[in-house]
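Next, two complexes with subunit A in common: one pairs it with subunit B, the other with subunit C.
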Partner chain A sequence: MLSFIVRRLGQLVLVLFGMLLLTFYVSHMVPGDPARLAAGLHATQSQLNEVRRQFGLNLPLSVQFVRYAENLLHGNLGLSILTRNPVSQDLGAYFPATLEITLTALVIVLIVGIPLGVVSAVRRDGLPDHFSRVFALLGVSMPPFWLAVLLQEIFAQKLGWLPVAGMLSSYLAPPAHITGIYVLDSLLTGNWPDFTSSLASLVLPSLTLAFGSLAIMTRMVRAKLLDVLHQDFVRTARAKGVPERRVIYIHALKNALPPAVTVIGLQVGSLLQGAVLVEAIFAWPGVGTYALQASEGLDFPAILGFTLLISVVYVLINTIVDILYAFLDPRVSYS
Partner chain B sequence: MALQTLPQTQATEEAPTKRNILRPLLRNPLTLAGGVLAVLFLLLALIGPLLAPDNPTLVDLPHRFLAPGVQGHLLGTDELGRDILSRILAGDRYALEVAVLVLGIALLVGFVVGAAAGLGSRWLDDTLMRVTDMFLAFPPLVLAMAVAAALGPSLMHAMLAMAMVWWPIYARLVRGQLLILKHADYAEAALASGASRLRVLVRHMVPNMLDPILVQVTMDVGNTILTAASLAFVGLGAQPPSPDWGLMVATGRLYVLQQWWIVTFPGLAILLVVLSFNLLGDGLRDALDPTLQRR
Partner chain C sequence: MKLRPRHVALTVALALGASMLAACGSTASTTSSNPADQSLVLLQNYDVTSMDPAIAYDQASNQVVGLAYETLLTLKGSSTELAPGLATSWSSSQGGKVWTFTLRKGVRFADGSAFNSQAVKFAFERTIKLNQGPAWMLDVIQSIATPSPTKLVITLKYAYQPFIYSLAQPAGTAIVSPAGVKKHGNAWFHNHTDGTGPYQESQWVHGQQVVMTRNPHYWQGWSSSHFQKVILKIATEPSTQQMLLQTGAADMNIAFPLSNISQLQGQKGIKVLTEPGLNILYIGLNNKTGPTANQLVRQALSYTLDYQGAVKQIYDGYAQQAKGPIPPALWGYDKTLPQYHLDIAKAKSLLAQAGYPHGFPMTITVEENPLYEQVVESWQSTLKQVGINATINTMPWATEYKKLTTLSTAPSAFITGWYADFADPDDFLYPQYASSQQGTVGFNLEWYGNKTVDQLLNEARVTADHQKRVQLYQQVQKLLVQQAPAIWVLDQQTAVVERSNVHGYVYNALWPVNAYAMSKN
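Up next is the complex of A and B:
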């Protein structure tokens, strides 16, 4: 077990280094001149040189990479060319909003996906099963940006039940900063108007984000549970008179869920990248919105920072899930 | 492999290696629907532009915002008076071209890397797989965004980015298949009788790993179309005035309140094309691997 964890962590370091190299390389294939963009159209040659010196753009690529990696180890992602703030500070300011929709979507995926999967396995080929099958097909095929536009149209503009976009009604001041997650902060400080407004704003973006993963989660739980329900111990439990409810929810589900853990890990990653699209549509001030603005302005320290942040979180989650899974099912680490 | 477990009942007049995969495909109504739809999309990509009532990029301002059915525009016109049906038909070819190019590159690179890893030395295998892991570690859309953003937004760069994200999947698939096939009796027999390694790979191994590759490609046609449309939607893929479905949704959403048709039909087209290839891919997998049919 220990050697499995060590090996897995070794792989992690290797992958992280490779990522660093790749993102750095990609961001330097830029055809535009970022110094020109930062200094403005009417900058003189000496002003351009000053900007290049300031951002280290005049150094050889290899030196730039070593400097970048060095800085990174100190938590320094460089200066954003557009906002002129440290990228880490910008990302820190935008990340809580991304976390807010991602986590909410994850909660939706879990509390709806697992029961729906169980019901469609138990009532196999029944009405709930057919429903979940159609739902799953739509989930993996629906363009999320289109779904978002439809939801906005129906629930925000036609019915007027929910806000069209943003994190909070523009009439309200943001809650006192504790975590940066508005719903949580307003709840903790007892700021009732902010809480209801931010909760309402959260509904459409997180539903859009959850939709695809929810479909996958449901099918996964269903398939795993069907596997388990055919096994001997379930038959034994039934034969000795354990109530069916207990057989399904205690005996079977306990054995069906560990494989689903891997799927949850993968889904967190896909939720995180899906958040980029969803943020763009709902004007949600998260890192995705930040990155899209950065990409319009050829702001590569910012793009690099964003890509690294999301990728590192993605890889970390996958590593944690792998290790967690090895704990739940020790057979894995020996293979 | 799958060959031995296949029921022999239906293969009466055929050679034993030839399987009738059409029958199980036709039996499942969902697969049938998906298949018919997928073939329709492919056909329309070929002949669609001939059927299109109008030029898909022809700006006709006096006739903008026409509702579906008005003045012979079956699906209406957009904010520049372009016929939406014609644009959707042109977009079908456009989307499928992107999918074919991206998957072609991904398959080519993935096959070479996967074959080298699967048949090469232990050291080569380890190195190549670590590189593959590295690419797989990126969330695909995020890597594509980084590439597209760094190189500047264009369809070309979006396709390059997507190929970068997709090849590792095929490298893994090909390597995995080769690790199994390497020890197959017929491969060892061919090697022992003096066939070169390349010949064994091409003549004996490749035909035996086409099934899983076919399933993966079918599913990925839908996935690449979806990703390309997503990139176009956020402005990092195809650029106006291309008849890209994602782009059409992006501009259409500005007019969604009064002119619902501009955003609805291209979105529906994406949904249907992705759905059809997913259904077909699912059905193919079940048909090619009879052990899965009970599910």
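Up next is the complex of A and C:
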């Protein structure tokens, strides 16, 4: 197992290098002058030169890449052209917010999606199954933008139960920084006004984000469970007199879960991708907001930093999924 | 009791559900409590990029600078007329080469240090030295003398009348505390403020909001009606902004997206003000290469646009057809200028005279902006009526700008907008139409060049007599309208949306919200 993890981490380095090279060249090939965008339309030649010098934009592309890679090895992601802060500092400030909605969405997908999939498989063609089918259809076909506005209109504007947008009430100061995740930090520091406000703020964006993946998870668990329920070992278990509940949740579900776990790995990618849009609608200060701003301003160091971060997260999550496989399916071995 | 996995899952689900239910409605209590009455929540369409007046050069950043810092001059009410700021009086000599200011006494920075002529000299020299975005406005300064703490003499490299107007806006010219810079260094000012303005930065949560609190040393003093805090809340989506204003989670936005403004008109608890903006939307034509280098063709094209359709259908009436290159809200505007209109027959006849009776193919570039795209799509359909097949290329602004500033890749036409940096016609006419401003030097993306126009623009820069300057700019506008280097489409209005309990806001196209003069009940 250990050698598998080490091997995967080695692959991670290769993947990241490839990704870095590709993103670096693609982003620098886009026509446009980041120095002009940063310095403004009136900037004099000396001002432009100053900005180019400051960010190393005056150097040949290959030199810029080598310099970037060298800095990266020292943990330095460079300075953002737009915010003029170290990119690592910016990502550190924005990423916890993305992590907060992505993880919450993932939890919703798991605690709602799996039971819903089980119920619709067990009561096949019954009312719960029809309900979950319609729900899944809506989930995959409803654009997140539309869902977000609908939820905002109902729960924030009409009922006034939840905030329209933002991560915390404007009138509250953020909780003391521990993880950067407001719900967690306010809970850990016992800051109850912040806790209730940040939790309320989290509901709509994370539900919007979870909706599409929830539909996929429900259908996947249902299909796999139906498949497993027709296998011989289930018939044997039933013949032995094992209670039906145990047959489903212990015998069958355990065998239906590995494909669902694969889906989780893939869905994390789509959740991170969806976060960019959801963050914009809910004025959620995550890395998606930061990346959008960076791409509009051709802020190369910020674009590269964002791409690296998302790649690392994606590869790590999928490595964890592979490791989980070994626990869920004894036939899988990494020795 | 041993907890089984499903018990754990159930407990977690119940706990999460219960907490979420408990959280529901909690916002109502936080927004309706006292802090809301003592704070002004201003919506911003983008995050602040820098709080340093020597760097900040966008609307969101200027809002912070405008609250935390002050300038030597300001603008009177909604007008473009100069008014005293940190300088109580000013005069010029040698045709606008030397400027003398008398400064206000008894003003202190947020750190408690005194404001004086040395501070102005320090702040201006700092902007020039840092050489960032707004530095070009002070590039003309040769030397600054401080004969006394309240006397300041600025000598320019050459006579330049627009200089005085560039001091009546915050970018680059707002005065930072020399003591603050000495204590914290330049980089600190990127994320913090230390000025003489009424509100200073107290917390910046990137991507979310900037909280500004009262400057205890503010020279105009405080009363109970003034806000304790000004909160700049960032929300990029127009629909989200709309709901934040409707639910009272935000108090105002002075640049509400026009695309959503009609949905807020007539809503209970909301005031919508539409004010003339200091901007122009125009279609630039390539004056140097291709058929559009011919003046007759450019005039013909000026008769092919459905101006009224753009104003009424695309901008929902929140604009008016432009009359020449500068907007009516700016001094120097000439209301007697002739105006082009949609006239296909006239366009056809001009094209025939120019030797293009059957039209020609052309390319139009447009940045990713839904309103701009709709204007050029409408133009594309009317161009067909005169035999011109236009291809529209939509691209990010950075890409388009690169194409426009290189003559070999410049298209026949492009659509863009210009917003005033300061209240002087020079800021509209010189960068866009002086021949020295072609390519990357300025914003003459039409590659237009005319010796008479150059001469008139240069003369207006050194003429001290205001009336004479007005006449010079009106001559320039007449020439430009005749030569049609661009199609001036419309002057867009600015939509200010505020909750009906917010009072005291005075609109000025060049000035951010002056929260000190405002209150809420």
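Basically, the second predicted complex is superposed on the first by the 305 of 335 C-alpha atoms of A that agree within 3 Å, B and C clash if a C-alpha of one lies under 4 Å from a C-alpha of the other, contacts with A are read in each partner's own complex, and residues count from 1 in each chain.
Quick note on the criterion: a residue touches a chain if its C-beta (ideal position, glycine included) is under 8 Å from a C-beta of that chain, and two chains touch if they have at least 3 such contacts.
Nothing here was measured: the structure is a model prediction, and the numbers come from that model.
In the superposed model, A:Ser141 makes contact with subunit B only, not with subunit C. In the superposed model, A:Phe24 lies in contact with neither subunit B nor subunit C. Which of subunit B and subunit C touches more residues of subunit A is settled by the count: it is C. Contact with both subunit B and subunit C is seen for A:Gln157 once the two complexes are overlaid on the shared chain. In the superposed model, A:Phe55 makes contact with neither subunit B nor subunit C.
Of the two partner chains, both subunit B and subunit C are touched by A:Ala280. Contacts of A:Val149 after superposition on the shared chain: both subunit B and subunit C are touched.
Shared-chain residue A:Gln11: touches subunit B; no touch with subunit C.
Of the two partner chains placed by the overlay, only subunit B lies in contact with A:Ala223; subunit C stays clear of it.
By the touch criterion defined above, A:Glu296 lies against subunit B and subunit C together after alignment on the C-alpha atoms of chain A.
According to the touch criterion, the shared surface of subunit A, contacted by subunit B in one complex and subunit C in the other, consists of residues 30-32, 149, 152-153, 157, 280-281, 296, 298.
Of all the residues in subunit A, the ones that touch subunit C in their complex are 30-34, 36-48, 50-51, 82-85, 90, 93-94, 97, 107, 111, 149, 152-153, 156-157, 160-174, 193, 196-197, 199-201, 203, 249, 280-283, 285-286, 289-290, 293, 296-298. Contact residues of subunit B toward subunit A in the complex are 30, 130-131, 133-135, 137-143, 145-153, 222, 226, 229-230, 233-236, 246, 249-250, 252-253, 256-257, 260, 263, 267, 270-271, 274-275, 278-279, 295. Every residue of subunit C that touches subunit A in the complex is listed here, in rising order: 6, 9, 12-13, 16, 19-20, 22-28, 30-31, 33, 35-36, 39, 41, 46-47, 49-50, 55, 57, 131-137, 139, 190, 203, 205-209, 211, 231, 233-237, 239-240, 243-244, 246-247, 249-250, 396-399, 401-403, 421, 431, 440-443.
Taken in their complex, subunit A has these residues touching subunit B: 11, 14-15, 18-19, 22-23, 26-32, 137-138, 140-146, 149-150, 152-153, 157, 223, 226, 269-270, 272-274, 276-277, 280-281, 291-292, 294-296, 298, 300, 303-304, 306-307, 310-311, 314-315, 318.
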